[in-house]
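What follows is a set of structures to go through.
What follows is a pair of complexes built around chain A, which joins chain B in one and chain C in the other.
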Partner chain A sequence: MTPPPTAPTPAPAAGPYAESLRLFARASRVIPGGIYGHTSPALTVPGEFPYFAARAEGGRYWDADGREFLDFMCGYGPIVLGHRHPEVEAAADKQRRDGDCFNHPTEAMVLLAERLVALTGFAGWAVFGKNGSDMTTWAVQVAREFTGRKKILRVRGGYHGAHAWCTPGHGGLIPEDRAHIHPFAWNDLDGLRALVGRHRGQVAAVIASPYHHPTFGDSSLPALGFWAGAEEICRRERALLIVDDVRAGFRLHLGGSHQFFGFTPDLVCFSKALGNGHAISATVGRAELKVAASRVFLTGSFWQGAVAMRAALTTLDVLERDDGIGRMRRLGERFAAGLRAGAERHRLQVSCSGPPAIPFMSFADDAGWRRQRRFCVEMARCGFFLHPHHNWFLCAAHTEADIDRALAAADGAFALVKADGG
Partner chain B sequence: MKKPIRPTVYLRLLAGAVLPAFREAVALRNRAMERPRPGLRALLLPAARDLASDAAARAHTGLGFGTALRGAVILGTHDPASRTVLAHTPDGLARFQIPEIGFDRWLRLQAGMLRGGRGTPPGVAEVTICFPHFRTALAALRNELDELAALGAGELVITGSLPLADHLNVVLQRMADYFPPRR
Partner chain C sequence: MTPPPTAPTPAPAAGPYAESLRLFARASRVIPGGIYGHTSPALTVPGEFPYFAARAEGGRYWDADGREFLDFMCGYGPIVLGHRHPEVEAAADKQRRDGDCFNHPTEAMVLLAERLVALTGFAGWAVFGKNGSDMTTWAVQVAREFTGRKKILRVRGGYHGAHAWCTPGHGGLIPEDRAHIHPFAWNDLDGLRALVGRHRGQVAAVIASPYHHPTFGDSSLPALGFWAGAEEICRRERALLIVDDVRAGFRLHLGGSHQFFGFTPDLVCFSKALGNGHAISATVGRAELKVAASRVFLTGSFWQGAVAMRAALTTLDVLERDDGIGRMRRLGERFAAGLRAGAERHRLQVSCSGPPAIPFMSFADDAGWRRQRRFCVEMARCGFFLHPHHNWFLCAAHTEADIDRALAAADGAFALVKADGG
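Let's turn to the complex of A and B:
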């Protein structure tokens, strides 16, 4: 049999990311995609960013080549207090010594549910999983169970996880997966109203992130009146309002981003920052939904793991005690102001978007993201990990000095962008 | 998952994408040092054994990609599955390059409609899809390429709007539902 045509064997890896590339070559032989999902190098600038990490501490991490980076992605969000936060890790270690995966949940689950119910303001109960997708999919089922309806309205381009009803991927889907999922444009209340009108009496829920944070796009905060309007539409239609707070939760407000933006949802999904890097997710909901929630089967072998729950309890305590959210906001404001000033010095037009703790910057008139990629590649070369196409994350372990160092490096990166034709 | 194919779209693809490529292939065969196997299927959907020589593989890569890009325009107009994908695709101009064989073409999506052409694109491309080695492009054409792995290894270079490239790729892959590659 003639062997199929194959790509040529790549040249031996060299340069600053040689070990990353060597590992990737091995990974590509035994793992589809080499690295899959949101950490795929395909989503950054391949060859110009690290592919594999080795260790981390506070606001920094070291890649497989031993290069140090100031971490402005924070594991794509979970690291909110800093990598290996001593108090969080002490609580996790203590629980680990006692055990993690039992035949039963532990007291930690009750404590964490009580804590989240108290914090979120509107909720009467909480449940737990391991990832955001676990929770958004389950919340959609709860809405269908409660309302007896099929339709789910979601924001076009919003991200709610990797399950068939919402994945941004294309493979393995059948048309029926999304037969009852209907998109509307972010901040478009008229569009939402029209969609609800088209499916009157059939809408189980509207699901959206508290603000719009598309990949390959600027972040967009809710327009004045958007959330109040969405809430009113849902109440009138007797549909549920689900907030996917997986990405923003615990960076804008300790009790959930709905409190930051001033509205009352029916269900909120959390994950990422809740455990400061320990795998945990949660959904909280209105008391009236508790019976419906109890009827929607929810489980996973590791979903009641006590270590992540102890880590989450401590994360919430430390965030509250140290005003971590205020700290991230102040650092983010300093960062955004510095980036704007730096760009202006080089006569470059940039847009700084998103809440300060979850910032993003992009260049004006940047077809193909060329300036953006140039900027972020140069920042990575200088030891600052800023993703070119995905919003960034700050953590409470970052310092003013870190921000100032990043801004000094940004000055050089802006100069290069300008020299390349601005 | 394979989506249903429509006979009318098949005929349009045959007339608008496959036959022009066949004409190119015949012209190429008349000039080629090493002659590819005759016949429409052998020229456009060759078996692996027919691609062992560089000359045949190069010829097939150019023809195959040209056919796929022409086909994408037809699919974008007439194929419901492709139109659904394009309805959720950001507008923009995509450039496709295989430098080793001098392949340089573009697709432009504007208001849900696809247009395409050869050579320098009519504007700044939002995304450039470049196969530095034609064998990688050939593997992609034959649905034998792990694209994410190729991107990470630099064997496939996408510069710019990945969502545009990703969605156009779904339409390009749709060609294989109508004209499955031979194993």
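Let's turn to the complex of A and C:
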């Protein structure tokens, strides 16, 4: 996330988002910014999208004003099977009846570690947290512990959470936070090679998401040979390769996006989709890193919570049994093909980027995201939430009919964009 | 937490903790250390306490072997009303039926911010996270943003989470992590004054828990005048005073432990007890800090989760309505008085420390915690979980009969300690 481009503007209390705006006014009195972080209205188009949610079911949700939306953001990723998935919630409820937060972990932690180790292929162990950043920051420390080195190489514009070493924000930072964090450009193997050369013998790890998904930008898949090359550079330099699969994990491959793209990392961080909305994160790592991992203190009051772990076990089971990942891919392909065809019909140039299950679309030559905003605002008006500046997410509860309805609405939105000067 | 003093030792598969040990053997294959963090068996007496929990209800829990324990750790704090409190769970369930993890916050976030602002007295705003350390680390950044300074003064041996600037661990750290973190001794106003003097004009904040609760040590309440003095030093230096109320919050005073001890901080971090086991944390701050707070990027995938917020609202309501805090204080006073009397009967010298609701007891001249371990192991054998090296927690579901049963068992445990050489 880059900082908000514009401040939220108050709107009349009578429009379609009157209740959202009423709540936002109250929130603004007692919360800095009213709504902060990735759901900040300032990151969309202020006043043109809902600010507050009320309820959700499957692939749709209702905002505070009672308006229904087809949910193409899925809670910014966590909802992978659909909101309130009956089997996931049944497993969570069963655990809840026994309790959640104990003085010890439960068998669920062992089962989930065994499951992730089996699924991810390369890993010998797993640990759990609550946030993606609990895991990315810890993985960086494990790499430093294992290698005895300091330097972390990361992709410029990549997102690995809001901790000081990687936050896209600017407030509250001191130079020491990033003294040994060095960026390279996504897909630029030569750049990575040169950076490693400049810090020969000092690089603890390279961290990247499995593909590049910047906010305020198109998604970018790995170039042919990028991951093989990155892997080789890391092996040769004895630096660890950390994959931040927090956003993409369990939407491209059940066992981690590294398997989808065909490479072997040393550490992978998961969160978001793992528990279908229940707060959980995980890191898996190579067996050789287990001792180093045990030396980096890792804890949190709620991290052994059994409910989220049971939810995660069931989410993985259902995704596997129903081929949820194949389903999201097919829905995403239908969506992207439809958007491309729709744009072409209206003689508009668009770029559909990202893997089908985590799609994004942008307009060519769209200075200030003007067309993009027009398009997404119109989609919201019609009941489809597509974020103008952040990749979208499909879930397995979406249907072909949902996609087709969205494409029908997109046809109208394209027409408006065209009429508005293309 | 200091690092584990001893490694967990495997025990025969037939003892009282056979199932715990069987699970631990499985866990050790796929999890670094088997069980990591604050619940590590290595931090108790390996083989003599349960390793895995199965279920809980009110003030008691059952381990993986089906043994029942009176729960004097309460999940290391979160369980303040008792496990599976019917009203908290009803509120959580009601929200769950509407959904939890949305593209936007819900009204619950506004209500909870309003509630915390009203309760805490000094605060103008609130924000929310999932972990205590989400909040302590962010509060430090807010102080740096507000003051434009770098230095953070903290109490030696205080616990503020597992992030690099404050973790009690050693692995994976680099010197830059603590370049501007400076310790002073708890209750040592002169030491604090001298430290501020050495870093005149550079101190962004002083951070401390409302009273000192080190692991492997007695708890220590603030000396007369400590907080007034610390507050005055901070005001004069224009440094912020951050209270880490993660562990003690909502057990001493409904509106934050600063009100119990009678002083006015700038920022207070809460977590643990706030949601009675549901994962949530919060920071409240002075109105003057609101703009600075809005400039320090703060987000997490699950942080606007409505279920934990509804649980927190109900936890606060029930604590207030039933005077849960008064109840825990009275139970704790009964417990401490009984422990003191029991020890005296057996001519043993003990120190009962901490506020009544968060008690701890240790033996005098107890090198290597030998007596303490003997005592707590015997208590566990009798079905009472008291951690040998970490403060204990009461909850409002405990009864006077529970305390009296624990005291009866303590009588036997004291006798054993005495027989074992005093």
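In this text, the second predicted complex is superposed on the first by the 410 of 422 C-alpha atoms of A that agree within 3 Å, B and C clash if a C-alpha of one lies under 4 Å from a C-alpha of the other, contacts with A are read in each partner's own complex, and residues count from 1 in each chain.
In this text, contacts are C-beta pairs under 8 Å (C-beta built on N, C-alpha and C of every residue); 3 or more make two chains touch, one makes a residue touch a chain.
Not measured: the values here are computed from a predicted model.
In the superposed model, A:Ser294 lies in contact with chain C only, and not with chain B. Residue contacts after overlaying the shared chain place A:Ile35 against chain B and chain C alike. In the overlay built on the shared chain, the residue A:Arg156 is in contact with chain B alone; chain C does not reach it. Residue contacts after overlaying the shared chain place A:Leu43 against chain B, while chain C stays out of touching range. In the superposition on chain A, contact of A:Leu173 is made with both chain B and chain C. In the superposition on chain A, contact is made by A:Tyr51 with both chain B and chain C.
By the touch criterion defined above, A:Phe216 lies against chain B but remains apart from chain C after alignment on the C-alpha atoms of chain A. Contacts of A:Gly368 after superposition: chain B is touched, whereas chain C is not reached. Overlap of the chain B and chain C interfaces on chain A comprises residues 3, 27, 32-33, 35-36, 51, 170-174.
By the touch criterion stated above, chain C contacts chain A in their complex at residues 1, 3, 20, 23, 26-27, 30-33, 35-39, 50-57, 61, 63-64, 71, 73-79, 83-84, 89, 96-107, 109-110, 113-114, 117, 124-127, 129-134, 137-138, 140-145, 150, 161-164, 167-174, 176-177, 179-180, 246, 271-272, 277-279, 290-306, 308, 385. Interface residues of chain A, counted against chain B in their complex, comprise 2-8, 10, 21, 24-25, 27-28, 32-36, 40-43, 46-47, 51, 156, 170-175, 183, 215-216, 367-370, 373, 389.
Within the complex formed with chain A, the chain B residues making contact are 1, 3, 47-49, 51-52, 57, 85, 88, 90, 92, 124-128, 133, 135-136, 138-139, 142, 144-155, 157-163, 166, 170.
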